[in-house]
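Residue numbering begins at 1 within each chain, and the chains themselves are lettered A, B, C and D in the order written.
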Amino acid sequence: MKYLYYPGCSLKGTSRGYEESVLAAFEALGVAVDELEDWNCCGATAYMAVDEMKAFALAARNLALAELQDGSEHPTLIAPCSGCYLVLSKTQHYLQEYSEVSRMIDGALQAARLRYARTVHVRHPLDILINEIGVQEIARKVRQPLQGLKVASYYGCQIVRPYAAFDDQVNPKTMDNLMQALGAETVDWPLKTRCCGGSLMGTLPEVGVPLSYILLKEALKRGADVVATACPLCQFNLECYQDKMSHQFKERIEIPVVYFTQLLGLALGVSERRLGMHRLLVPMPTVRGGTRPHA
Amino acid sequence: MSEQWEPRIVAFFCTWCTYTAADLAGISRMTYAPNARIVRLMCSGRMDPQFVLKAFADGADGVLIGGCHPGDCHYQAGNYKALRRYTLLKRVLTEMGIEPERVRLEWISASEGDRVQKVMNEMVEQIRKLGPLHLEKAPRRTAAAQEREREAVGVSSQGGAR
Amino acid sequence: MSKPKVGFYWCASCGGCEEAVVDLAEDVLKVVEAVDIVFWPVALDFKRADVEAMKDGELAACFVNGAIRTSEQEEMAELLREKSQLLIAFGSCSHLGGIPGLANLWDRQAIFEYVYKEAPSVTNPDGVVPQEQTKLGSNGYVLTLPAFRDTVRALDQVVEVDYYLPGCPPPVKLIVNAVMAILENKLPPKGTVLAPDKALCEECPRKPTKPDKLALKELKRPHQILIDSEKCLLAQGLVCLGPATRSGCGAPCVSANMPCTGCLGPTSRVKDYGAKALSAIASLIDSEDEQEIAALMEHIVDPVGTFYRYSLPASLLHRRVRRGATGGAQA
Amino acid sequence: MPETNGAPKIGVYVCHCGVNIAAKVNIPEVVEFARTLPFVTVARDYKFMCSDPGQELIQQDLREGRVNRVVVASCSPLMHEATFRRATAEGGQNPFFFHMANIREHVSWVTADEHKATEKAKALIAAAVRRVAFHEPLEKKRVPVHPHVLIVGGGIAGIEAALKIAEAGKKVYLVEREPTIGGHMAQFDKCFPTLDCAACILTPKMTQVRAHPNIKLLTYSEVESVEPYDLRNFKVTIRRKARYVNEDVCTGCGLCADVCPVTVPSEFDEGLGTRKAIYRPFPQAVPNVFTISRRGTPPCQAACSIHQNAQGYITLIAHGKFKEALDVILRDNPLPSICGRICTHPCTVNCTRGTVDEPLNIPGLKRFITDLFPDYKLPTPTKERPEKIAIVGSGPAGLMCAYELRQRGYKPVIFEAQPVAGGMLSVGIPSFRLPRDVITKEINRLKEIGIEIKTNTPVGKAITLEQLRQQYAAVFIAIGAHVERKLKVPGEDLPGVFGGIEFLRRVNLEGPFNLGERVLVIGGGNSAVDAARTALRCGAKEVTMVYRRTRAEMPADPKEIEAAEEEGVKMLFLAAPKTILGNKETGVTALECLKMKLGAPDASGRPAPEPIPGSEFVLSCDAIIVTIGQVPDIASLGERLGLETTTWGTFKVDDVTLETNVPGVFAGGDCVTGPDVVVNAMYAGKKAAISIDRYLNKLDMRAGREREGPYRTEYTIDTSGTPLQKQIPMPAIELARRRTFEEVHTGYTKELAIAEAKRCLDCGICCDCRLCATVCEAKAINYEMKDEIQEIVVGSIILATGFKLFDARRIPRYGYGKYPNVYTALEVERMTNSAGPTGGEIRLRDGRKPKAVGIIHCVGSRDRNYNSYCSRVCCLYSLKLAHLIKERTGAEVYNFYIDMRVPGKAYEEFYDRMLEEGIHFIRGRVAEVTDHAMTPDEEGKLVIRAEDTLIGVIRRIPVDMVVLAVGLEPQADADEVRRKFYISCGSGGFFLERHPKLAPVQTFADGIFIAGACQGPKDIQDTVAQAGAAAAEVLSLIDRGFVELEPNTAFIQEELCSGCKTCIPLCPFSAISFNSDKGVAAINEALCKGCGTCVAACPSGAAQQHLFTDEQIYQEIEGVLSYV
């Protein structure tokens, strides 16, 4: 099985570590992924907020390109950034549900001499790992079990809401199962999909920061060594504002916040550098049990 | 004619599901387009293709047939008979230059008053899009010919039953 | 006293009906003996003027075959109506519109386009099509042709018809009965079709072999199967329209392994022959699955041609709807 | 043509229906229009046409001859057609000279624009007028109503209705799918608002039902199908599920449940308590009898070739009932101590537990029992028969066959060529796995019950097959497969090269001998592993197994391979022998091998090994043991009576009967299948015995043998939530001691055995140990019981199938199933019940008393994501529970509600009372239940997050216990049921009533009524009221004795029918037949229900339908289109 891969802006910028680790991990699992050529903005944030139709058009172009590039009957497009994942999925959904949208978008694509046959399946890497490759297979390929590492899996909102395509909306488990397959321990906590502060972090820090704080606080309280995320914005919010939190709440908040794909890579024996872990602001502790993979 | 033209639709509803649903729509005060005139049959299985043609010949722009959902027919399988005739009839109509969209078969259960509303409105919109059916009036069958038909159904030319 | 005068006329038809008269064989002599044939263009040289010269009602009976397609046919139909006490629609074409009636799937222009230009066998570089009026050379003589109408009509859609002799062509037996009835003045109420009012199965030799519970799992065309010459044709999956068609012909087609195509038309109770025939066949399709049903029906390649072969003009829709045409009668 | 009433004079009567019509339709205009219509002689309007004065208008016009046909334009004919037909009749005309135009439901109520409404009304009236002109006089026909009544569902609704009808002296069948009647109400403790005890008011009614002479109570039964019996009555087929307890004999003493070893969660206690496999849902159950839950043969037993009842003895072991366990084992296995050691246990492979963590060690447990009772005896035959049967070979096949025959009274004689009995068991299997004395004991037990074994008696030499056939009633050949396959490589005949079986036989019979230092074993099967381990015990320093494929493809039992490796056996994979090096003098010195690689799968489905050219390498060694399979030694039998054999050198037999081509001679085991495991050999023996028995009794040898031998069970088990616990390893002697022939495994101790046995998941529920039968004095228990089908005819049916509770798991954010102290209301209800799982104590899972309890309303109700409707009872039962919780625990109780919905007599007062009792009420839908503590006082609590919409703040309430007020839903199979009974479901999936106000318990199917929660959520009060209403409907029907049917039947006009038969197959009620005398179709009016399908299809218009003739419908079409 071959997959198309849609990076989106974040994975080329703030969250390069995510892209690096996704690609490295899939390679280590022997799964081929091709980057979508000539991709454009997924349509998230500003567009979606201001003019949905524009957002849909942008997303639709990516989907059309995917069909063009893949050529198979049902191309699968992997979108690691949950923002992209949501907008692309939402567009796919709207194109199928609402003839009005469908008509306008087809028109827009036509202008760009493109047509979209609605065949693309937008999926998140977690979905692929759990439901296509499977935990058994992954467990078999583990070279550096994450012995004794306590992981708090944090899914964020967008990969399960509003579309619970591959996991439960309230208590998702896919990432936890993955971590367990890697030999790590997972903390059972109730905040897996609670808001990280999102863009409020920038616009209304007095609201945003406490939201992130609540998450990290609970993770620490439940004895987590590291928080695993699946979304660039979550990772950014949870990692970058730890000093601010510590200061604001008068207690040391320090915990590494990584991409779940980085942990996956580690377990598969990929070097930290190739996983972009040198980019972490709060470094990962040595993986107990197994020796630390060499950088 | 188009500005004052209004679609004319004849709706044939089965007593047990769709006609009851239409009553329910009424009881629930769901207003919908008034263009369709409902003719009650016991079962969609009573639906004779002649009725559809008759409706068009007499000036209908569309025909709606309503029956129970598959498997729910009060008479076990009447709705399937309707489906079979409908399927073949649509092909004839297409060949005769009548857009297949002008005839619609819908399964609506007794509890789906809202569906009656929806379908009625959709249908009217559909027909409005298609415009009037320009079926040329059949050449007037001459008196004797009509009389022959009257004879056949056993009624006098004054219309009443003999 | 002089013998009753009788006329035969021929409108839009193939001529088969005339043959049918000849098919009376020696019976024709009886007829000739009993009546005086004063108008029969196909056999004897009469001119329109001869008819015009007649007194109204001078003809005791006139048998008109063929559908009405041209202005000339309209005029003749009206003329003969005036001159005849009894006007009898003779054969499927005048009864229901017949095979020529299938032309109602198109209109004058489409037909001309095809017949005079597009048909493979035509070479007509100048694209000449028949004109109603053509000036001839210098002397200014204007040659006129009858107007060709958009729509084919049955005889009773043009003039009052007293009786109908159905069939393509009408079975000899029915003709003889009709003539005798006229002579012996034992006619049924006006407007009657002079044939039994039961469907063909009644007199079909295969009737006994028809299963009580017929369910059509497939529909076939005669060339697709080896036909069992005993068994009910419908039961063999052939679209036989006997159940919807008047009897009186003695089922010669069916006896010759040919499914009934419905030339005698519907029984008195049926308004639209094709619709009823279609309803009967469709109802018997043995499936409750939408796709499967549609797939099975695909085997009827030409529904209109199948179910309205002889009766399109007399049917409820009578002709194909023409985009942009304005409602209201036109002929 | 029917008689009629002369030229039509039509009266049109337009109803205002108060303002319902008049407000939208311009009545005067409509009336004016009506006057202009053909044949209309009178047109009037009136405020309420259905009122007496309204009807009087019509009747006067009729009586005074102004009118002879009537059109009323008012509401739907489904509403008042009957009324106006009566009026027409009373006016002296046939009631069917009437037609109705529906200008309320179809016009005034659904049209916004008044002008358009008026136009539409006109069109409908025009249609009615044209139509009625073609109406004919008709007679309604009467059909008798069968006086018997079926009630489906034994909840309070069914009970109530049944009693009412039975009291009136009518016969009632009450069908309930559960083992007892009582329904949900029986689970309740108190009823709101009066707080009276549910049991106290319900159980007396339940016993009345049981006792009532007019009620036939059919519990544990389900309606299979409902067919029309005639035009109006029903033929109902009922499945009476097998209880395995005879209802009429069982005294309900309960001794059976006391001894039953199987414990499962109690449905009645909502899983909070437990019950036995043989059970009675609750002490007051009606009928007060027991039922055995049997899911069917468990996977282990099904997979076992001889269907050893593993779950049976395992469950008994778990309960320390060891002797009983032995009896279960001996039921189907005469060689348990052998099987307990060396069986390849397909049972374990199919053990459901294996899908959770690890399967049970089933053979280990069997061995434990046989070790515990070393001197057990086999059951002795209960009858004797003269016939002697010859059995050739004393391997497991021969022994099993002999045993089975002996149990049937025959006298089997076994002929064994070897000096010892047991076949491969004795010669092929090393004693460290299967000690000799174990075999000897098993064989002696067989001898003790009268099986004769002649050792050292090779058939073919000592005696011929022919002689056997003459001297014995039948012959069973089970000579096994003892001839070694050869490698077919050079040097195979060198000294120091042994066949594996040859080697094992020698060691087994003559004792160990020296092989030298280094030994190679070639092959990957169980025998190869045995050979390798034996070689070690013969003193070899280094033993290496050489196998062509990889470990994954090794046929040997993985556990055995592990054991061998532990003991030091080395493995060499992907290597195949090429040449054996050495000479006569030195004997074998080395083995030249080729490296192999795996290729495409071969016939066996395993990847075929392919040699890698030029990859030769040499292994030096002192001995080579070749163990690559065996074939039967058919030649040894000498002349073979012309028994047919296969190309593989095995006997050809009928696979069902094992009979050879020679009648009376049977063959089975390895000599038919080739080398196979013990249990399959025993299966062959058993099969042969059955065949021989049938053969000698001249019975059909094939009939009903499908389920012999292994099969897969149909059902699957829900193992979710099973706590993980791996298999308990069986103790073994330490490695150092594994150089002798001492048995390796020492067997489970009692404690270990019990612990291991407790891991069983009770797949079949009832484990078929049959202890209950031993204690049942009434002899009520019958394991052979089968479902029974019963047919009844009834005239009326009441559906009272009730509801199911919303599954709280569907809303994960409320944490049900995640947090142990989140309960559903019904669970708490059970707790509050003194007969419940906690004896009336409201406790947390850990037994503590809750200090704070939150009750969440509308769980699954009033929510678009789940059910948009209100479940009506939740507010009230929440109040009740709040009261009980506070009363019993003194806890603070918080109700989270959207709206308090407490309409109904004394309900509001009840609510007030709760307010006074100090129950807290917080208005707002709960967002989530979480264990995420943000403040110290939230630690260790469940926190309920909700917006308090009255004060507009988000609140976090820490509580110990959360109660979910789950809503009511239609039964899971409501849709299936309603199809069965020809009725419809309304929105929400509840059964649809004929009219929400005027016919709340009727349905659109005549004679079928609904009562209780199956029609929609409702409390006990309303349910009982509906039950009464339904009963009254039924009684009035029965007392009238007949119904009048709409005369809308179809008929054939024979003078027009050609007998084309098109109509016949179309009739769903087979009302149409072919009259071959007349050659026309004939409709049986008594069967026609008036759908008109045949009419629409009749190609010659010979079929017509009263009230819906073609012409009437044409007229209606022309009518509606004549005025738009």
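Definition applied: contacts are C-beta pairs under 8 Å (C-beta built on N, C-alpha and C of every residue); 3 or more make two chains touch, one makes a residue touch a chain.
For clarity, every value in this text was computed on a predicted model and none was experimentally measured.
Enquirer: By the touch criterion stated at the start, how many steps lie between subunit A and subunit C on the shortest route?
Expert: Shortest path length, in steps: 2.
Enquirer: Work out the mean Cα position per chain and let me know which chain is farthest from subunit A.
Expert: Most distant chain from subunit A: C.
Enquirer: Pick out whichever of the two, C-D or B-D, is joined by more C-beta pairs in contact.
Expert: More C-beta contacts join the chains of B-D.
Enquirer: As a quick test, compute the distance in whole Å between the mean CA positions of subunit B and subunit D.
Expert: Roughly 45 Å separates the two chain centres.
Enquirer: Quick one: report the Å distance separating subunit A from subunit B, using the average Cα coordinate of each chain.
Expert: About 55 Å separates the centre of subunit A from that of subunit B.
Enquirer: I'd like the Å distance between the centres of subunit C and subunit D, where a centre is the mean of that chain's Cα atoms.
Expert: Averaging C-alpha atoms per chain gives centres 65 Å apart.
Enquirer: With chain centres taken as the means of their Cα atoms, state the distance from subunit B to subunit C in Å.
Expert: Centre-to-centre distance between subunit B and subunit C: 30 Å.
Enquirer: Send over the residues of subunit C in touch with two or more other chains.
Expert: 268-271, 276, 279, 283
Enquirer: In subunit A, which residues are in touch with two or more of the other chains?
Expert: Counting only residues that touch two or more other chains, subunit A contributes none.
Enquirer: Could you tell me which residues belong to subunit B and also touch two or more other chains?
Expert: Residues 48, 50, 54, 77, 81, 85, 153 of subunit B each touch two or more of the other chains.
Enquirer: Make each chain a node and each touching pair an edge, then name the shape: line, ring, star, complete, other.
Expert: other
Enquirer: Could you please specify the touching residues of subunit B with respect to subunit D in the complex?
Expert: Within the complex, subunit B contacts subunit D at residues 6, 8, 10, 15-17, 19-20, 22-23, 25-27, 29-32, 34, 37-43, 45-48, 50-51, 54-55, 58-60, 71-72, 74-78, 81, 85, 109-111, 117, 153-155, 158-162.
Enquirer: Provide the residue numbers of subunit A that touch subunit D in the complex, in ascending order.
Expert: It comes out as residues 168-171, 189-191, 214, 218.
Enquirer: Would you tell me which residues of subunit C are touching subunit B in their complex?
Expert: Touching subunit B: residues 105, 151, 153, 156-162, 189-193, 268-272, 274-276, 278-279, 281-283, 285, 287-288, 290, 293-294, 297, 300, 302-304, 307-308, 313, 315-331 of subunit C.
Enquirer: Subunit D touches which residues of subunit C in the complex?
Expert: Subunit C reaches subunit D through residues 197-202, 207, 210-215, 241-244, 247, 266-271, 276-277, 279-280, 283-284.
Enquirer: Within their complex, state which residues of subunit D touch subunit B.
Expert: Against subunit B, subunit D makes touches at 1, 4, 6-8, 38-39, 76-79, 102, 104-107, 109-113, 116-117, 119-120, 123-124, 127, 133-136, 979, 982, 984-987, 992, 996, 1004-1005, 1048, 1066, 1068-1069, 1089-1093, 1095-1097, 1105, 1108-1111, 1113-1114, 1116-1118, 1120-1122, 1124.
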